[in-house]
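For reference, the structures are reproduced in the following blocks.
There are two complexes below, and they share chain A, which is joined by chain B in the first and by chain C in the second.
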Partner chain A sequence: MHWDTVINLLVSAGLEISVLVIVSIGLAVIFGMMGIINLAHGEFLMLGAYVTLSATRAGLNLWLAMLFAALVVGLFGVVIERLLIHRLYGRLADSMLATWGLSLILAQGVSYVFGPSTQGIATPLGNVRIGAYSISAYSFVLIGAAILMLLLVLWVFKRTRYGTMARAATQLPAMATAVGVNTKRINMWTFGLGAGLAGLGGALLAPLAGVTPSMGQAYIARAFMTVIVGGTGVLTGTSAASGLLGGIQYLVSYLSNPFLGQGALLILAIVILRLMPTGLSGYWGRRL
Partner chain B sequence: MNVLRTRTGLGLAVVVLVLLAAAGLTGLAPEYRLLNWTSWLLYGLVALSLTWVWGQAGIFSFGQAAFFGIGGYAYGIVAINLQPFTGETFSAVLIAVIVAALAAALLGYFMFYGKVGDVYVAIITLATSLVLLTFVSSTSDPSYHIGKALLGGYNGMVGVPPFSFGGTPLASGAFFLVVAVAAIGVFLLLDGLRRSPFGRVVIAVRENELRTQLLGYDIRRYKLVVFAIGGAVAGLAGAGYAAWALFINPVVFGLQQAALVVIWVLVGGRGSYLGAFVGAALVQALSLSLGGEGGGVTPIILGAVLILVVLLLPAGLVPSIARRVWRPRDEKIGKLPEPAVEPDILAGTGGGTPLLRTEQLARAFGRVRAVNGVDINFEGRGVHVLIGPNGAGKSTFFNLLTGRHRPSAGRVFFGDVDITRSESFARARRGLGIKLQVASLYNQLSAFENLWLAAYSRVSDKRRATQRAVDMLAWLGLLEQAHEPAGALAHGQQQWLEIGMVLVTEPSVILLDEPTAGMTREETARTADLIRTLGVWRLVIVVEHDMEFVRRLDVPIVVFHQGQVFARGGLAELQRNDEILDIYLGRGGAEHVQAG
Partner chain C sequence: MKTIIRIAALIPYLLAALLACTGVASAAEPIVVGSILDESGPLNTYGKPMADATKLAVNDINAHGGVLGRQLKLITYDAQSDNAKYTQYARRLALRDRAVVVMGGVTSASREAMRPILDATHTLYFYNEQYEGGVCDGNTFLTGIVPSQQIAPLMPWAIKKFGPKVYVLAADYNYGHISAKWVDQYTKQAGGQVVGTQFIPLSVSQFGSVISKLQSAKPDLVVSLLVGGNHIAFYRQFASAGLGRDMTIVSPTFGLGNEQVVLSPEESRHIYVAMPYVQSLDNPVNKAFVAQWHQVYGQDYPYITDSAVTVWNGWHLWAEAVRKAGSTDRDKVIQALQSGLTLQSPSGLVKLDGASHHVYQSVHIAETNDHHGFTVIASEKNVPPSYENSVCDLIKHPDLNKQFVPGGQ
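Here is the complex of A and B:
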């Protein structure tokens, strides 16, 4: 194999893994820190993509539009937490059902406003030539973005006051309240953070995939699998699970076809859970 | 228990179905209505499969729509290939049911034998549907075919034969009747299962998994069977749906379909079998009147219904209405038999001399060696107490004996059998009775039902289990509280009830973890007498903190220290041992300080 083939394969695999990180990190933050599975996560991604689309059409620079999308969806998450989620703490099944209802409403609502057809954002930056291959430069942006998002989460939870309190609230909620942590407020920000990361994820994916009201559905199955294989440790879980699942998906897709790749991802995920029911981070005893 | 008067409900349902059928057959209602009603019944059947796995067994499955789809595709494939030759599609229905049940069993095996948590079950079932959606959607190429059946990708499989017998397809009236009879049949079957001992154990699994396991039930197997039955019911509905629509497409694996099944059940009420049908009919009628299924405003309404039901009416429609129409009345309490005059409470044992032995047993958590090479054996009858300061490793040791923790090294023998790797339920089956520190009961079930479940795990006979439970109630002095929910009993009574549950499984060795924690003085005294009585008949191992209680028991003592057995002997003898006083009073200073 030529060196350029190797690099091409590595970038493609890295892209697959990065996409998993990008689509699942927001879900992982909410699950790991609050124990809630947000079934509207796919629609949060979709909202991020639409905000980016609208903002660029209004003349905003693409990169700024992406950050703007993260902000808008994050605030939307805060509102949703206040209106809906905070009534359902401790009711796991109900919180899943309510967010599911939300996802149906969002997908159809956006379809009313923007129409059901696929709209596109041109992929920026063009291509890079590597030997005999031409690779989209945007692939490198996505790989970099995935790494930055992981670092951002690490920084937030390790270095900020909010992060320390959030981790305290996760480990011993009663104790955290007793020493003066306002767990309600913490939960609100955590949900907002997760939603914001989802919005950013959707924004980053917008140039890669078509923007449609149903685009969330295309990613959530993989996002859920990544998060449960990863377990409640947001960073270790997300990165390890993305690496494993994205790797296998790419490998099988490369050797056969993309849809067997998806099947391989599901099977690997189920086998891992059979062996490590609390996910990779649970198995390693990692909390973050 | 939030069990509705299913009989009354069923009577009502049959009347409604007969009226509808009459209307359809006499031409009072147009044919398209009859077709609608048929589909609602089929949807009700999928919803019923979710009521069964979720409402009954507490398995939170989002995958019932997927099993519905699998059943539909299986019916289509088999019927397209066989019907031209055999002229019937009964075999296709049968195969569809089996395939769906097997799919559920396979998925269930990974989930339940992997012991994944509730969220994970929900997500795995949902993700499985979504992967099936992608999978089946990409089979539009004509090369994807099974026999003569083209899978058809996103457009679906067309030309699925209707239900037919002897070469002729059923007319819509007859089709409605067949589906109605099937629905009633499944309803009765599941209701019968619910009332059977199997169903009671399933409820026990839902209420308290840990306790059920410690009574010797293999909860993984129970869940697997429940899930496979749920898959079969959903598959039956799917086969009916494919025969009704004459085609099937991957939409059945989509998110909206999965959500619909949950919505039907939520609206109807997850505790009610009738609710499954009411919910399906109501929601479908609503979305029909809003302009057809699928597109348009329907998803928004469905989403709103989902959120509103969760927030405002978590019990669902049918139970909420039923509570108003029928006055809340307890389920008929069967009269219990009289307790035996001289109950044989402690008879029937594992036989032979009870013996529990460990060899170099060790367990480390990270770098902390909580249990560090324990060689100990307990033989014959009598009570032994394990004591030691906090962090001495006695609780970890206890959990190694019960099977809650796996040892890092060493072995555990029960009699001659190596049980080091056995699951908790298997240890209980062999005759290891376990009572954990915090009372672990079925709080919603009555004291009698608690004991019955324990007795049944041993005798596997309904009547004998009832008798044994009553005898034990009498022996514990809890006869008057027989029908009270266990959660409403006083703290001491709960502890005794749990000890009774352990005894009724006829263990040859009994493990008790701090049985007097949180008890009053009198309760402690009574518990000490109880345990001494048990010691006459059984090998009893007690982990205890309370030295007053230990003094009162006055039995051989094992002292744990730093994960090892430090000393064994009587209380008087140990009290003369200076080192033990050091350990307890911390006179040795820092070297004894350790992680817990």
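Here is the complex of A and C:
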């Protein structure tokens, strides 16, 4: 193998892994810190993509539009938490049903407002030549963005006052309340943070594929797979599961075809969950 | 006495009621016709323009007096990109709504879901969409372009212009698998060579591994048999990796879902297609059709797809056959359809072949342009569905019911 083939393979596999991190980190925050399984996660991604689309059409710079999308979807998450989610804490099945209903409403609502047809944003930045290969420069942006999103989550939970309280509220909720942590408020911000990360994820994906009201469905299964395989540790779980699943999917796709690539991802997920029922981070005893 | 007067006063009403029962009024009762298409979900990128064309065609037929002096009543169902819904709605249209004809189906998988049900319930069926060819069924008429009209001219033209090494990317269901065989056959006939084939599930929107393989295989031509909203990502990722410098995309499916509208002109530059219809066709029927379309759906309608015009053709051919048969009875209408009907369509002259239930039509090789549309490069008129004509004669063998595929089976 030539050096350029190796670099191309590494970047492409890195891209596959990064996409998994980008689509699942928001879901992981909400699941890991709150124990809520947000079935509307795919639609939060989709909303992020539509906000980016609308903002760029209104003349906003693409990169600013992406940050704007994160902010809008994050605030939307806060509103949803106040209206819907906070009534359903501790009722797992009810919260799943409610978020699933929400996902249908969002997909149909967006279809109503923006029309059902596929829209899109052209991929920015052109391409880079590496030996005999050329690689989309946007791939490097996505890899960088995935790393930054992981670092952001690390910083928020390790370095901010909110993060410390959020971890306390997850690990010992009764004690946290006893020492004066307002768990209600914490949960509101955690849900908002997860939604905001999902919005940013959707915004980052918008220039990669088509933007449609049903685009969430294309990512949601893999996002759930990543989060369940990763377990409740937001950082360790997401990064390890993305690396393993994304890596195997890319490798098998490259050696055979995308169909077997998807199959390999599913088989690996089943094997891991059989051996480590609490996911990778649960097996390692990691909480973040 | 009072009672008698009362009864006498009722007489005119009784007479009117009697008249209503004898069928004088039922002549004005509408004829129920049905359509099932994907108006939502990932396949609506094809289904929406086809559904718009359905309404336009039925309204147009009604505006011209309907058929047999009666108006058409269109019942539509949205199958939501779900094949299970097609079987459910096909049954409902045939058994509950009693539609005399059902048109619809977007993917070949959806057609194959509906076809047996409509066969069994003796409900006439039209499939109006480009497809992989070979369906031979006495109850089914297929107005879309088939490989012997589309891939047959496209491959020799492209191989001559761009080179002989061909890489095939196909959607992973019956359409993609059968069409890939056709590409293989026509490539060999044109002196080319297929160096690789990949089948991509409809749910895939990440084409990183495919892009890597294309860069290793270095083909001259990439034949895209990709389908659906997720697969649009391929063209975008192909362009952003700069592969357009080294290889050229030709496609029988590109444009049917208005991919050229979604992508920027830079991303869709130099993609070549073969289709019976592009919106810019210069003929009076098309001018009137486009004007009518824009009047109903707005001047800013993205682009009228080939599939939309195929739907329009299907409805008008059926209406013509009913007028000729003087009845909506299935067997009489099939007989009229088999008598060699022609239609001046927006895509030019369309001639229904009675034996194969497919159509002769114009085919244009076209290139994407800077205005989210296509520019015609070469055209041929009255192209026969030659493969279907060679294997399928439903006049001689009315009980035939199978799909012929290249290489037998």
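Keep in mind that, in the parts below, the second predicted complex is superposed on the first by the 288 of 288 C-alpha atoms of A that agree within 3 Å, B and C clash if a C-alpha of one lies under 4 Å from a C-alpha of the other, contacts with A are read in each partner's own complex, and residues count from 1 in each chain.
One rule holds in what follows: a contact is a pair of C-beta atoms (placed from the backbone, for glycine too) under 8 Å apart; a residue touches a chain by one contact, two chains touch by 3 or more.
Just so it is clear, the structure is predicted and the values come from calculations on it, not from any experiment.
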Practice task
Check whether A:144 is in contact with chain B, with chain C, with both or with neither, and answer first, second, both or neither.
Solution key: neither
Practice task
Pick one for A:94: touches chain B only (first), chain C only (second), both, or neither.
Solution key: first
Exercise for the section: Determine, under the contact definition given at the top, whether A:103 touches first (chain B), second (chain C), both, or neither. Expected result: first
Exercise for the section: With the two complexes superposed on chain A, say which partner A:274 touches: chain B (first), chain C (second), both, or neither. Expected result: first
Exercise for the section: Using the superposition on chain A described above, determine whether A:209 touches chain B (first), chain C (second), both, or neither. Expected result: second
Exercise for the section: May I ask you to decide whether A:127 touches chain B, chain C, both, or neither, giving the answer as first, second, both or neither? Expected result: second
Exercise for the section: Based on the superposed arrangement, let me know which partner A:259 touches: chain B (first), chain C (second), both, or neither? Expected result: both
Problem - First (chain B), second (chain C), both or neither touched by A:285 - result: first
Exercise for the section: Have a look at where A:84 lands relative to chain B and chain C in the superposition and call it first, second, both or neither. Expected result: first
Problem - Overlap of chain C and chain B interfaces on chain A (superposed complexes) - result: 217, 259, 262
Exercise for the section: Would you pull the chain B residues touching chain A in the complex into a rising list? Expected result: 60, 107, 110-111, 113-120, 122-124, 126-128, 130-131, 134-135, 138, 254-256, 259, 262, 266, 297, 299-300, 302-307, 310-311, 314, 366
Completion exercise
In the complex, the residues of chain A that touch chain C are 5, 8-9, 12-13, 15-16, 19, 111, 116-120, 122-123, 125-127, 129, 132-139, 207-210, 212-215, 217-218, 250, 253-254, 257-259, 261-262
Handout entry: Interfacial residue positions of chain A with respect to chain B in the complex
Key = 31, 35, 37, 84, 87-88, 92-94, 96-98, 100-105, 107-109, 217, 220-221, 224-225, 227-228, 259, 262-263, 265-266, 269-271, 273-275, 277-278, 285
Completion exercise
Within the complex, chain A is touched by chain C residues 39-42, 44-45, 48, 81, 172, 198-201, 203-206, 208-213, 215-216, 229-230, 232-233, 236-237, 239-243, 245, 257-258, 262-264, 266-267, 302
